[in-house]
């Protein structure tokens, strides 16, 4: 074995991210900075982080046309992982833009924040590529542990620490399940490589128990019901840029990793696990939507909505076809724009008072349209897109998902999903009604002046949600070409 | 030679004790220790299987789980300390600012 | 089969015997003239002035955390050492990268003043 026998190209984007993370971390302890310059330094670090993310995105795009390659069979670099990388890098870049101004309000630990964010990105990227159980576990832990800390980053606020504790305890609990499942699969086949597991699985108790435990662990990570208890608390308590990032990134990476496990490691027939996933999907969207109906905090509402969205995305896995995967990837892109955009708007409605549960409540948005028409319109666009109203990205995402489900013979699941979309429209519209129909009063609150970085993030998200909707056909088709390469 | 079943049953029992402990315990530190118990029972499973299969994958996996567990300890204690600084308790039932 | 464990048993006996001798010999041979000072429980040569069951300074946590992190990384040397002969230069470079990343963390912790007791 020597250095040149490994295909380093296939890991180049991840290596760039890790290197940027280390560089950003080390700047925390190099040189002295006066109190006045700290914010400026934070902005400089955000720029460095953005450059790292852009380079990684550029490398990923350059690799898009390249055929799949692997790294001793431990990671698989193919079209699927490239598209996942783009979703994650996009989410991270938008989160950095949100954090640009937001972060300075409660901490000076900029280096640590951006470094951990980049580590989480690296973990997610590796997770989507892993085709071996140890790699899968390590990348899952890298992203989880970074996110535990990021969730509790606002140390002045009890809610943030509490969110972090809950996320940590349940996340570590889920890791225990994943790793036990992995151990049983190893015991069944004597190998940790997905391909060997698929080839040698006995199909007996060890195989089934192993996959069931893995599935439970993944369900925790993508916040599927009944393993969703941590999600609303963690999302509400975490600093909003972190919430925006993890609601998209973790789901995307875990869904793709779950897809790889199901497609390449499971030798069991499709029917055995498709039903388990279908029930998981049904529960997830229903519970998420029903619980969101009675929320008064926009952030918590979005947290429950993201649970429901995970349920929709699981449909792509249930279908288990090229069409299903294609639809799931398309939805992930749409979701990255509309969900982060919605959180970006919500972050502008929060108060600066750390003693209370600083939060964007529905009352803060009352009559927002007459105060800040553009902001209200942007938030309305994200809400419409999340609800699935044409011609926005969210509508086409759902359309493709439901179509894939019907195509694969899951008509009832598609029907349930449509009913769920109708339920969800109620609470998404409620936010819009509050903003447009009601008159502003003393509880209306917008943080002024609105920072340029947040405006940039919101503009990008609006453009994404609109363009992905208008150009849904071509972009869906281009995703299709990429995933056809996947061996089914 | 002890049959592998014994190791597997023992580790399954330890894992269950850990999992039940997470669900019934109310002290954050105790919950945390129960999670460590789960991870260590997995290590036992892995090493037993590695011995059975005669390859090293399982042992390497166990090493990595140990390292991850250590990192979790460090991060977990830091998070618990952040809570204690705000509110002098480690009882998860009293930490309920966020609900519904 | 059971005989395979014989060396282990012998080791146990030697260890227990050594400990027993270290305790018994002084009690038999050493002179005994107790006084009040000698009867006091000893705490690093200081007179104990309060209960041991009390709050510890928070720095202990810091030291414990850092110790766990840097201590546990050593386990990765064991499998590496086993296969280094086969990996040759590749293995050496890989470990250098691993240590390099670890050193960045160490440098960070050091410059942040986590090793200073105050």
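By written order: A, B and C. Residues from 1 in each chain.
By our rule, a residue touches a chain if its C-beta (ideal position, glycine included) is under 8 Å from a C-beta of that chain, and two chains touch if they have at least 3 such contacts.
Note that the coordinates shown come from a computational prediction; the quantities given were computed from them, not determined experimentally.
**Student:** Going by the touch rule set out above, what shape does the chain contact graph take here: line, ring, star, complete or other?
**Tutor:** complete
**Student:** Look at the interfaces A-C and A-B and say which one is made up of more C-beta pairs in contact.
**Tutor:** Most C-beta pairs in contact, of the two: A-B.
**Student:** Could you find the chain whose CA centre sits the greatest distance from that of subunit B?
**Tutor:** Result for max centroid distance from subunit B is chain A.
**Student:** State, to the nearest whole Å, the distance from the C-alpha centre of subunit A to the C-alpha centre of subunit B.
**Tutor:** One centre to the other, that is 26 Å.
**Student:** Indicate the whole-number Å distance between the mean C-alpha point of subunit A and the mean C-alpha point of subunit C.
**Tutor:** Distance between chain centres, rounded to whole Å: 42 Å.
**Student:** Indicate the residues of subunit B shared as contacts by at least two other chains.
**Tutor:** 60, 71, 78
**Student:** Touching subunit A in the complex: which residues of subunit B?
**Tutor:** Where subunit B meets subunit A, its residues are 8, 15, 18-19, 22, 28, 31-32, 35, 38-39, 41-42, 45-46, 48-49, 52-53, 55, 57-58, 60-61, 64-65, 68, 71-72, 75-76, 78-80, 82-83, 85-87, 92, 95-100.
**Student:** Which stretch or stretches of subunit C touch subunit B in the complex?
**Tutor:** For this pair, the touching residues of subunit C are 1, 58, 61, 64-65, 68-69, 71-73, 75-76, 78-79.
**Student:** Using the touch rule from the top, collect the residues of subunit C that touch subunit A in their complex.
**Tutor:** Subunit C residues touching subunit A: 86-90, 93, 101, 104-105, 107-108, 110-112.
**Student:** For subunit B, which residues are in contact with subunit C within the complex?
**Tutor:** 1, 56, 59-60, 63, 66-67, 70-71, 73-74, 77-78, 81
**Student:** If we count contacts the way the header does, which residues on subunit A are in touch with subunit C in the complex?
**Tutor:** 1-3, 22, 25-26, 28-30
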